[in-house]
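Accompanying notes for the structure given below.
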Amino acid sequence: MEAAYGPFLALSGVTLTARPGEIVALLGPNGAGKTTLIRCITGLLRPRAGAIRWEGAPLDGVPAHAIVERGIAVVPEGRRLFGAMTVEENLELGAFAPRARARRTARLEHVYTIFPVLRERRRQLARALSGGQQQMVAIGRALMAGPTLLILDEPSLGLAPRLVESIFDVLREINRSGVSILLVEQNVQAALTLSHRAYLLEAGRVAGEGSAAVLLEDPRVRRAYLGPLAR
Amino acid sequence: MSGRRSRAVGLAAAIALAAVPLVVRRDDVLNFLFLVLLSVTLAESWNIVAGYAGQVNLGHAAFFGLGALTTRALWVAGAPVLAAMVAGAAVAVVFALLVGAAAFRLRGAYFAIGTLALGEILRITVGNVRAEISTLPAATIAGYRLAHRYYLALALAAVSVVVVAALGGSRLGLGMRAIREDEEAAEASGVGALRLKLLALSLSTALAGLAGGLFAYYHISYYPAHPFSPTWTFDSLLITFIGGVGTVHGPLLGAVFYVFLKEFLAIRWVDFHLLIFGALFVAIVLLLPGGLVEAAARLRALTRRPGQAC
Amino acid sequence: MTPFLQQLVLGLLLGGLYGLAAAGLSLVFGVLKVLNVAHGQLIMLGGYGAFWLFALRGLDPFASLAVVIPAALVAGVILYWALFGWVVRAPEETRVKNSLLVGFGLALALEAAAVRLFTADERSITTGYAGAVLSVGGLAVPVVRLASLALALLLIGGLHLALARWRWGRAIRATAEDWEAALLTGIDVRRAYLLAFALGTALAGAAGTLVSVGYSISPSIGLEWTLKALVVVVLAGLGSMLGTFVGGLVLGLAEAVSAAAFGGPYREVVGLVVFFVVLVARPRGLFVR
């Protein structure tokens, strides 16, 4: 697949697959094309060439809002909550698509079980929440769509290490309930610990791929991503 | 059109227009051409700020009105008309510099609505303070020569076309266009955006003030608030956009087209031209941002290289 | 003192209509980032709708809201499809500027069409109860204008509720705040745009109806109403319909005060000066939360 912003090719020859039930990490430095890839999958950007297939059907030409209905939900970078709306309104908007709407009461209950603090804060405006709680709302909002694939773009950004850990624990739980996860992360150590497989993206190309456990021990990966001070 | 050729065409047109009063003895023809020339001046002057510096000034009529107000007062009081017109232009420029620094804090559409409000403030105030119609003294009416007004209009239109053309090729014009494309980037590369925008506004309002003076010199009687009417701004905007914003020829072409259609339609349907021009304008904004000038260029490209679409 | 209080009462009544006029503009601008300067002309057309329903069919102007509002909704859908739906494809900064130009052309065309169809005469609806006046402590309150204020408040309240509770109302608010996030949540943003625009047009139609009954209409009132609505939007900011309505009331009162202080002909000037000063003082902050 290829993608471009205007004349600038941001991605070329990228091929990646995610199998059902997997946690796949997408790693790489800033500007490697991770966000571009996410924008292509979620329909915000049209790939210039190549195809994105989902559950056997091509996603090209499917508008972004309809892609959610196909079972792909995203937690965007920077969370992008509707700050002037309450926590519960944010969550309910996650179940906006007709099919998700039918099951929104049960899903809301589910989200409140995962993140009990959100139930307490459900009447508060989203922008009044702390960073960690906002991240919970963002994940909850995506879960409300009942996705089979959950994409997270830099979920650890700006969060304290302890919070990152608990968020990642939640992601593991979500995955156990049968949701595939595509995780874009700069926190390579944490991402590789969580995921089954990983792709390394560099300058718009796949520079490497493999099982997370193997990559975690790979000296090149350790040098490039984990820095000389890594264990 | 290449620079040399368009200069030759322009000179020929100016000479032909200068010969009209000697050949044609009909006042209606001169009045019509006067209107075209006045529209050219107003549209070209509006084009300096909108087309080059990229700021849609919806208060242009205020400067036209100030020029008219000042010129009329001084001229009727006995000053020579050219001096009165220069004074009118000076008043317009001073006002522009006073409000410009504030208005240019606004960007894009906010500049447009801010200047629209400014224009309306002046129009309503002048309408209240000078509510009576302004009529020339009988002696002046007796000595009225249409040809004098006509030549003045021709000179003024020629000056504004030359000014815009000169600006287009100059470093100043380049700086202004840089602001139009991306103000932040222009600032970053050393273009003093505010200074240049004020300069563009001064040039523009000086010409508008002179045009207002011409209006005051031309009309035997009118309400002092009339030249402040937003219609003058709207006419300039329509003419410039339909002709081709940011070009020298656009406002020329647009003015001829606009005034001709307006007068032609006015015979049967007053104000009907606004329906047509309003719709045409919307179509141009959405489909052909370069106006008639771009349409002509595309047509030429098509005929010159058949089979090669653009 | 009483004449001044009387002016204040009238200013407040008129202010309700300013609020209603501004609500539509604010909704469209807040959601689509489209500045429809033809909003005043839409108000004017709404007024003519009510006027002709009354003149030709004898329909009571307040009852005609039931016709004018749905008709305006449809007109809004058509305008969106034909014009503003093209404008929203551009990135935000170009979008505001292009919408201003498109709205401007539309305004000219609508005004010219109205002159052609309805003549330039000033009109107003004179019902049997037009002269009815409620006397409260020595102050005269025209019943029609009071009813207009109440209806305006009712409409704004209904809109507020719809935006708060209705599924698509929430979608509209989400789109206003962050259209990309809304899209990623599964909201068809284009449809939210269409709905917001149609609602804005319906509000203009309603405002026009109320203007034609308590006040008067002519093809040329559009610009004035657009300016009033803009002033209120600038003063009240975006995001809250109730806030916009209060902004309208404040403008109505401010005009009454300035008319008392500087004389009737200057009532408009004061509002415009305040508008310009506020705009310049907060050149970006106004429309950004």
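The letters A, B and C name the chains in turn, as written, and every chain counts its residues from 1.
The rule is short, and it goes like this: contacts are C-beta pairs under 8 Å (C-beta built on N, C-alpha and C of every residue); 3 or more make two chains touch, one makes a residue touch a chain.
Values in this document were obtained by computation on a predicted structure and should not be read as measured data.
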Which chains, if any, touch chain B and chain C both? none
Looking at contacts between chains, which pair has the highest count of C-beta pairs? B-C
Looking at C-alpha means, what's the farthest chain from chain C? A
Please find which chain has its CA centre nearest to the centre of all protein CA atoms in view. C
Taking each chain's centre as the mean of its CA atoms, chain B sits from chain C at a distance in Å of 32
With chain centres defined as C-alpha means, what is the inter-centre distance between chain A and chain C in Å? 42
Would you kindly tell me how far, in whole Å, the mean C-alpha position of chain B lies from that of chain A? 55
By the touch rule stated above, which residues of chain C touch at least two different other chains? none
Counting only residues that touch at least two other chains, what does the list for chain B look like? none
Can you list the chain B residues touching chain C in their complex? 56, 102-103, 105-110, 112-114, 116-118, 120-121, 124-125, 127-128, 230, 234, 237-238, 241, 269-275, 277-282, 285-286
In the complex, go through chain C and note every residue touching chain A. 167, 170-171, 173-174, 177-178, 180-189, 239, 289
Okay, in this complex, where on chain C does chain B touch? 35, 37, 83, 86-87, 93, 96-102, 104-113, 115-116, 223, 227, 230-231, 263, 265-266, 268-269, 272-273, 275-276, 279-280, 283-284, 287
Contact set on chain A toward chain C in their complex: 42-44, 63-66, 68-69, 74, 76, 80-85, 89, 92-94, 96-97, 100-101, 141, 145
